[in-house]
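Across the two complexes that follow, chain A remains constant while its partner is chain B and subsequently chain C.
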Partner chain A sequence: MFRLGIDKVMFVLTTASLLSLILLDFVSLQPNRILPGTGHSIVSSVGWGYALLIILPLLFNLFLSFSFRKASSIQRYSFQLLMLILVFLFMPMLLAIFATQHISETQIHARTGLGSAFWVLLFLTSLSLIELKQKLNLSRLKICFLIILITFSWLFFYITAQLDTLAIVREYTARSVQFQQAFRVHLYLVCAAVMSSIVLSTLLVMLMRRHHVFEKAIFPLLNFIQTIPSLALFGLLIAPLGYLAANSEWLQSINVGGIGWAPAMIALIAYSLLPMVRNTYVALNEVDASVIDAAKGMGMSPLEVFLQVRLPLAMPIILEGIRITTIQAIGLTAVAALIGAGGLGNFIFQGLGQAAMDMVLLGALPILFMALMADLFFSTLMSLFSHQDKTSRESQ
Partner chain B sequence: MKPNAMIELNKVSKHYDGTIAVDSVDLSIKQGDFCVLVGTSGCGKSTTLRMINRLISHTKGQIMIEGQEIMSFDPQSLRRRIGYAIQNTGLFPHWDVARNIGTVPKLLGWPKHKIQARIEELLELLNLPYSSFAHKYPSELSGGQAQRVGVARALAGDPDILLMDEPFGALDPITRESLQQELLRIQQQIHKTIVFVTHDMDEALKLANHIVVMDQGRIVQQATPYELLLNPANSFVSQLLGGEDRGLKQAGLMHVADFMKTNRTMTPSDHQLAQIKPDDSLRLALSVMLWHQQEQLIVMDDNHCVGEISLQQIIQAKPYADHHG
Partner chain C sequence: MFWLTCLLVATFGFVHLEELFAQISPTQRQVIYSRDSFLALLLNHIYLVSIAAIISICVGVISAIFVTRSYGKEFLPLVSQVASMGQTFPPIAVLALSVPLLGFGTLPTILALTLYGLLPIVRNTLAGIQGVNPAVLESAKGMGMSSIQVLWRVELPLSSTVILSGIRTSITINIATAAIGSTIGASTLGDPVISGLVNGNTAYVIQGAILIGLLALTTDSFLERLQQKLIVKHSLM
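Take a look at the complex of A and B:
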């Protein structure tokens, strides 16, 4: 006697992946940058033999989502994870194979566009990975290792020039210098904005903790700024900054003007202040009063109470504020390209203007990547500070 | 006023704008005293306690420690000389047990090996095996264990004075009982001067040799537990003592060993009698009698018969004035 159990989440995700591979285009072959390409399903693009490299692991996962065997669930999930990794590793390989089969060296404008099936597969496999990460309770270190492994497989095919015909790679090769420049500008803007906001919000929070009247003034102001749409705020800054720059040689000499990096920085900092100030202020205030009382009662000086007790206990929430701010700034900096601040947003808006979706991707994907990295960095940092969480997670 | 007082409060008051939390309190606590401040909620117990280590500054009057006015000390060094334990333990959640206990020694600048030795000594004193507890975090401890660590931390700097604000208030009755026993045992070993706040009169009677009853910021009566039970100053105090229930409370303070008939050998018929231990209270003896419907109990110490006690002896028992402590 056996009961047919079914893992609904994995079943649905895997079935959807398989269906998308059957019904949608995996890649498309474009003769050049603008002309629409001809779509290919996974089978017609690389043939059954290679297509099975991805289809078989998915079928296997589908099979594993029924639990009529006596295998323990941990074993099952580990197998599913292995299959997912295979899918991730074979994806760039299939693209490389498609290129060698369909594009000859002489077709310098021809390119491989990524089809809807590819994106759907990428999305659904990522979801499955997150699902398995929770079921297997994978540590952060293992997740990092997985990400590095997958990144390396893409890098390998890129460096060995097997992905050169990929549309996004073609876009990159055509403007690699601008890309690196834009990437750097984007990173600098975000870092500078986040650092200045940390300094500024520290000052504001100190002020508010000294004199509680400021609390009533600062929060409404920051809340108000947060409600202004980003494009409007950028626009609002053009006139006053332009006026100031016109009347100051010094400002002109450091490139401050109505457009450019200056209004972008101001707007980024203005948006960053609310989450940072709010989290820092609340975190410092919410530290258990009896813990502070005990610290004072032990004979710690006010500075020792702050540095050894209040700050470390508030740290996870403060870092959460910085994390939110950083991710928000990474996205907003893209919009700042509209007022000439540079950065990866340039590619997005140019691409949109030229209806070249691959160029949009060239801007959007690194932004996504940056945001993910920032998230990973700060959540790792936060976990270092929260002993309570660590112990409660281990005891689960 | 005795010259050898460890802590002395002279007409000490604390005013908050509008309310008077503590009103002209006079209190003298001798070295080695176990002084318990007891009273209903809001009567100013915590305020009085916290003025002693300057967590709250007093408005009027004088507070002296070993004859020196506390305002003449730097508040930090004053507090490092005074142990402090509170109801919610106030353990630092981001430090493990060992580091929590080592807080004051570290502030006092003790060398590392001495701090380590002190941590081991205190964990042993409080029945927390070093190997299993030193590196746990407060969130991994039960309420009773956390409170033991709280007491260990308060004792860490080897202070002469220990201030405790309802340290066992949040514990279940059985855990509280065993921690009270342990605190009494520790006090017999180390002879600190303890000021202990509670709103539980039973706890006060059990622990104190000097009870201070407070009401609305004033001291209503201070006495030894026996004097308090024998002569409550007014109806408020006798109400706190549980009214007619205080006969039992008093019996709870007296030990079988002091009232039993000794020099008794077992007779075969004794096997039908219920048994009691010499260091049990008369209250427990009475309860055992009621339960077994017997007027006589055998007193057994480690399987040896050491005496017998009868209902008559319990009823006629008179407390010695200075029996406790």
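Take a look at the complex of A and C:
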């Protein structure tokens, strides 16, 4: 049967990508870090020859979004995926070529800014990738492989020094030591906050399971804290902590003060408690009573029932709570830079203060990356647990 | 109501509490934030959040309706995936990234608030509409309702509580993000906090922080009340 079908989603995404490449600036050439650059479209930046490296795969994808025959859709989607990977791989290459054509070795301050077309293209191709991932039902392993492949192509061009003129790379080389330190501090703060709130929320949940009275007090309190905006909570902790620190030598000796890591840590933990306590409590309570009865009937002790039945069954939802908490903490730690906690937020706020956009990017992009990685990590862990569930159910 | 009273008292009362704040930061010559009046900051804060909320409610609900109709169904997997994935992006990163695109000021703040506020609304509207019992839809169609009538009189009312809770999440996040927006040049209640932090003036920080907290609590309790009214209305239907 002959029917002209059209894959609306891929058609829209690809057309938008192509339009953005035609209409917007792909890169800009900046004489230094503050002055605005002169924009170049993709063709004027690297010439038609190289520009086709990205435009052709996109055109091919556009063509593929029409189905003239009843071609196997799996085949079509795989081709589209291949084209998208090509686009991803050629993006750093074009930047490298632009740098060699437009910036000479002597211009040590000149830098390549990424233009709006670049960001739009990156965004739209990522959307297409998500779309194809769902259509092809790609496993998590394959997705990880793709991410690693794309990261390696960027790393290759970075290590071979072909991306040195890229604005964000220039910014990084100028403060690589500070960056690594900020990254570490950020990671430590998030990890410490998440770890301690896991411990604290376990205690709270145990208390609530023992005495249900506490339920009525704890949830409203945690809800209340969650409603208070982060900047306000950080601000409100300054005065009492500053007062305490001024009157206690011991607190001063461990560097606690109105500003710094202490108020940040307290606020982070306070915010982390609600999702964690809520999910853990609900998950533990919602385990099917008949399953618990069955376990008891098999002669398991209460502890065994808890550890071998209740906890594993509740695990996916508990992990979801930890996932939400971690992602939230990564973002809040960035805000905590305002009260002197350090971390990547420092780059954002310093960059905003100096109107140095590349520095803002240097802070914001790793935060985004960190959040995405945390998300990937915990969702993989969650799928492992629910998978285990399924196989154990099947074997029964 | 309680929080609203507190908010109003704080907005107008801080000016008269000079002695109290002088004790908090005794070294500062000026202890009451005076670059803008608290009322102006409060109103501007509310203005930013409401503009962003109105846009994101319109866009969010309409796009969720679009992808659940037969003509937009193809976009459904992508939109629902993006709406849930987008929430992994920290609001502060979205705020920071909007500056290179639009520059400093009120506009990028509104943009960031709108974009970020969209996600919970889209997600909840989708969940609400998809959660409507198919049997109910069938019987509505069987009664001879047109598809617009089904949407307007069955699907939207039945999912309204879920949509409203999405709006509540969105607005709560946006009040917090708007406060941070004062670092990119929007004038909000974050101003006293930021300027207090920069100059080491704790009194400013506290004034700003209290007002932001009260605003958030007032809005939240208002939305909660609305939600409860809606639930009551539904149980009567």
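Operating definition for what follows: the second predicted complex is superposed on the first by the 384 of 396 C-alpha atoms of A that agree within 3 Å, B and C clash if a C-alpha of one lies under 4 Å from a C-alpha of the other, contacts with A are read in each partner's own complex, and residues count from 1 in each chain.
Simple rule for what comes next: a contact is a pair of C-beta atoms (placed from the backbone, for glycine too) under 8 Å apart; a residue touches a chain by one contact, two chains touch by 3 or more.
It should be emphasised that the depicted structure is a prediction, and the values quoted were computed from it without experimental measurement.
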item: Partner chain(s) touched by A:Val199 [first = chain B, second = chain C, both, neither]; value: neither
item: Contacts of A:Val309 with chain B and chain C, given as first, second, both or neither; value: first
item: Contacts of A:Ala371 with chain B and chain C, given as first, second, both or neither; value: second
item: Contacts of A:Gly331 with chain B and chain C, given as first, second, both or neither; value: second
item: Partner with the higher number of touched chain A residues, chain C or chain B; value: C
item: First (chain B), second (chain C), both or neither touched by A:Ala294; value: first
item: Interface residues, chain B side, partner chain A - complex; value: 53, 55, 75-81, 84, 86-94, 103-104, 107, 137, 139-140, 153, 163
item: Chain A-touching residues of chain C, taken from the complex the two chains share; value: 24, 74-75, 77-78, 81-82, 85, 88-93, 96-97, 99-101, 104, 172, 175-176, 179-180, 183-184, 190, 193-194, 196-197, 202, 205-206, 208-210, 212-213, 216-217, 220
item: Sites on chain A touched by chain C in the complex; value: 7-9, 116, 119, 127, 130-131, 134-135, 224, 227-236, 238-239, 242, 258-259, 327-328, 330-332, 334-335, 338-339, 345, 348-349, 351-352, 355, 357, 360-361, 363-364, 367-368, 371-372, 374-375
item: Chain A - residues contacting chain B, complex; value: 288, 290-291, 293-301, 304, 309, 312-313, 385, 387-388, 391-392, 395
